[in-house]
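One chain, subunit A, appears in both complexes that follow, with subunit B as partner in the first and subunit C in the second.
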Partner chain A sequence: MTIQFNEETFRDDYSFRNSDWAIKRFPFPFHEDSYMYSVNMEQHRGGPAGSVYEKRFDVDEHYVSEMRDRALVLDDDPLRCQSLPHMTLAGWDTLELIMVSKSEDYPDLFELHRDGDQWHWINRPMGIEQKFTFLDETTLPCGPLEYITRQAQGDFAVLDQRDEMLWMDAGMVTTQADWSLDFDIGMNFFEWHAPVPLAHEMGIFKRALKFLLNIQQGAPARRLNWTMTVNPLLDTSPENYHKWGIQKTQMTPETIGAKQHLRVELQTFYRLPRSNALLFPIRCYLIAFQDLTTIPKWGRRLHRVIRDLPEELATYKGFIDNRPMMLDYLSQFDDGQPTSPGIWPDLTSEPALKK
Partner chain B sequence: MSAAPQKAKAGAEKIDVLVSAVVPLNDLVTRFEFKRTDGKDFPPFSAGAHTVVEMQDEGRTRLNPYSLMSDPADTSTYAISVRRDDQGRGGSLFMHQNVSQGDPMVITYPVNLFALDLRARKHIFFAGGIGITPFMAMIAQLERSNGHWELHYAARSPELASYATELKAKHPSNVHVYYDSENQAIDLGHLLEGQPLGTHAYVCGPAGMIQWVHTTAAELGWPEDNVHSEEFLAPQPGKPFQVRLCRSDITIDVGENESLLEAMERCGVDAPFLCRGGACGQCETDVVEHSGTFDHRDHWLDEAEHASGEKIMPCVSRFLGETLVLDR
Partner chain C sequence: MSKFQFPESILSRPVYGTLAPRPGKSHLMIADAEGAEALLELADRDENLMANSHIIYLPKDTGETYVDRLRAAGPNQLYVGPSFAAATQRIRHVLGQAHMGLQVYLTGTEGLIGQAMNEATAVGIPHTAIQTEHRGSVARRMQCVHCKGITEDVTTDPFVCSHCGLNLFVRDHYSRRLAAFQGVCIDAEDPGNVPDPVELYS
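Presenting the complex of A and B:
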């Protein structure tokens, strides 16, 4: 399949758009009409053809523009990419995993030629060609983690594993749902999750840590997480809250369909072979309410989920003030008919909206 | 989420291999080298990792963990070294007596429960006997990244000190070998006392040696997290016993020479596991009901958990008594 890459922005004029193809393959995160935390992990071993789960690192129509946005963020704030000194090997692991996966999964877009430690990488969509020596940092324009994650969509947290614990010791974080690598760097799993409400009491993090510590080479895992974002902003960081936070107050009933986006993270987990670190890619997908509600099942379900979400979660996810306006808008798409179980759009079997 | 639900299988992913070399090193130890059957490269691994080797022994499947001792950067070959244990349950004897060059075998992807702490300014290794194997890979890895390391290796005699000559020749100033037969011993207190801040110690060998290093380091004020060890326990034989597995809704008999985990597998129960040696925690199982005495032999549960009677590690631990019901 050849992908037509969009020319679009995630700031200023917000020209970001999802094509019909992107809407239908959107990773809708709710498998039933309500939502509560769970350790909702499954193996990351492909998925239905064309879905975002099919490849190890999904490449879509937003690739080139997302990478341009990442470069702008890094120009303003180089600390969005950090790697503590002992994490360089994990950076090479990450580079190897992404280059090998992309060249195998998208041979028309990416090529990797290896002759011992002499590597030759071609990235067609971005027009990059690089010859370098594997494990020799001096042969790349920047560190291996920064180099490869400037060419891969989504954020990347690289977690060192020591003493039955995970440590946030490296990462590339420019498309995040309001958390900061610069603040979290060096923290352990419980420390960086401290702000999350309810889940600690539910024992979620203890179970999640146990699961993650046991993720093994050759057996990656995945889960979905979600939040809400006003305007298609990739960089909703605490560092820039003064720029984007105010936009949450600038929505009206007339603009909400275009401005309000469901933000979904496809989180994957890979044991890195050479360093024994854990790679945690967090891939962000955005969809405007007006696009999402073109899928009747999703329109019905999103209304019910948002309506019934516990107040703590709506507060933590940052949309408690806008919830009434969101519900007014979404209620147009909920005719009370039952929805089919599972996350898929079920376009052929789900009834049309009766309103 | 349920994009493509798949049930996780017990154990790590598997790789089909051919035995590419069988190299006897001395009276007790033989090295086995593997190539992939499909001709591809092995995945790279981190030093300290082990693989679980599957042996088909006359209808019985044996699964034994062995440290990968080859150079982690060499993805063409994996190698393990196996010490023959004449009193053991037969896995090492099977390897020594029944495995020859060209044989097909199945091994698992690498799993690391004994990783290097890459923050360390210096790594000091203590090996006892066959405990040298993970350090072979660690040394190769650190040599590549210009790491600072030294090895103290105790063996029964020069004849039985696998790889000692080769290591001494390659790294004369980093490798120190001690022979029981010549009344030489590691001067542990002195060594641990003199290390620079940021040093990490690693020990692999008999249980007594591991305990000795941990205790001595603690007495000298070493932080607990700076001392790393790995010991795979072989499941020990014991009196047969009966177990009720309530989720699977069957009652099974555990024989004298098999572990509880092996008995479950024999009866078709897909129980989770990784190391099969009481170290990784993966097979931890809840006890629903019991009347009798546990014979806990793992390193995973702490003393309070052992005493509670609420959990058991079926890869190495056993039970004596009337009733045992497990949530499996």
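Presenting the complex of A and C:
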């Protein structure tokens, strides 16, 4: 299919919208009516046609506008993209992986022509055409990691692997759930996850690290993570928290359906061939409560998950103060009927709302 | 008593040990204020250690309290300086000239230990190979996550960023690269509602 790219904003007037197509393919993160941390990894080898899991790097209707938002963030704060000196090769690996994947998966949108190290890249949606020499930084307008991730949705952490450990040594981070690349760059896996409550004690990070250290070339993995965001704000950074934090207090029962968004991260993990680094794309999907609850199964389930979530998690995810208002709103979409297992909307088999 | 037992915290927060003499061709000791006590104890534990040692010492508000005793311990070189910034070029020079077999000992405040550790890791010494011991003030070196400015010797939570003036709360999340803890705006969701500052660990 040809994608119609939205003309929309993720700041100021927040004109971001999901089409019906985007709502139905939303990566709903709850496979049952409750939530607790787990090492919920699976192979990233495609998925149902049209789903966000189908392609290696999903491109959707928000692509062009998201890339515009990223450029604005970087103009304001260039420290959102950094790479420690030993990570340049991993940047080239990343550029290659994304260019090859996108040109193969979306041939009508992206083209890559390679003649030895002479590469020719065409990005139609963004109107970019670039001829360059692979592995020669002087032939690109900026470093390879920054160059390609200015053209790919989602954040990208590039993890060096040494001493049986992963190190956050490079990244492009402008759509983050409240963490700072500038602060965390150079940290190891346990250190950058240090502020997460409960999961360390549960052994989650030890098991996740073991899994990630063993990811092989050509066998990427994926998982979902989630949080809540008021307004479709991509850049919920700690750097700008003193500016956007106030928005969390500006919802009313009348506006919550439009303002409160479920924020889902599709996290994928790729072993990179030359550097042996691990590429960790963190793709952010936003959906307003009023859109999400048009899917009866998801409305029922979200209410139950939010209602029963342990207090530490609601606090860490930053919505403890808004939880009562969220539950008041969501309860209208929970008629007590059972939900089918799994994350899919099951529109044809799940009963309509009986209320 | 200059020792403080830090409560258990998150995994990015540094933990400190007790300095012990290690075999080495030469020894670089960087300390501030009450960190001198740890060096004197170190000297007591191995009478041959100081002859191959270079001490870089910043007394800060302890003034002359420890200087004579450090000199009497007989280090091969003793530098007494006014600030870390003033000593930085010397530290870089010494590390740049160092050979295999150098042992590094850091002691005093967290700000000193963190900054000196950065200098040592920058020349390729793994941070796990460097001994540290906290002594003296529990003041912290804080980075404002908003303006990126560093405020030295923060002793209260919350505190005012010395660069941008925001009211920041003190996190235990720590960056070795910045040698700083993270400070985050405390009244972003309720502007003006800033709790009274309390002494750290009080």
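A few remarks follow.
To be clear about the criterion, the second predicted complex is superposed on the first by the 355 of 355 C-alpha atoms of A that agree within 3 Å, B and C clash if a C-alpha of one lies under 4 Å from a C-alpha of the other, contacts with A are read in each partner's own complex, and residues count from 1 in each chain.
Going forward, contacts are C-beta pairs under 8 Å (C-beta built on N, C-alpha and C of every residue); 3 or more make two chains touch, one makes a residue touch a chain.
For clarity, every value in this text was computed on a predicted model and none was experimentally measured.
By the touch criterion defined above, A:53 lies against subunit B but remains apart from subunit C after alignment on the C-alpha atoms of chain A.
When the two structures are aligned on the shared chain, A:200 is found in touch with subunit C, with no touch to subunit B. Once the two complexes are overlaid on the shared chain, A:68 sits clear of subunit B and of subunit C alike.
Set against each other, subunit B and subunit C touch different numbers of residues in subunit A, with B touching more.
Contacts of A:239 after superposition on the shared chain: subunit C is touched, whereas subunit B is not.
Under the contact criterion defined above, no residue of subunit A touches both subunit B in one complex and subunit C in the other. For subunit A in complex with subunit B, the touching residues are 27, 29, 31, 40, 42-43, 45-48, 51, 53, 85-87, 89, 96, 135, 160-163, 210, 214, 216-219, 222-224, 273-276, 342-343. Residues of subunit A that touch subunit C in their complex: 79, 180, 182-187, 190-195, 200, 238-246, 248-249, 321. For subunit B in complex with subunit A, the residues that touch the partner chain are 1-6, 8, 12-13, 43-46, 48-49, 72, 109-112, 115, 117-119, 144-145, 225, 274, 280-282.
By the touch criterion stated above, subunit C contacts subunit A in their complex at residues 10-13, 143, 145-146, 148, 166, 171-178, 182, 184-185, 188-191.
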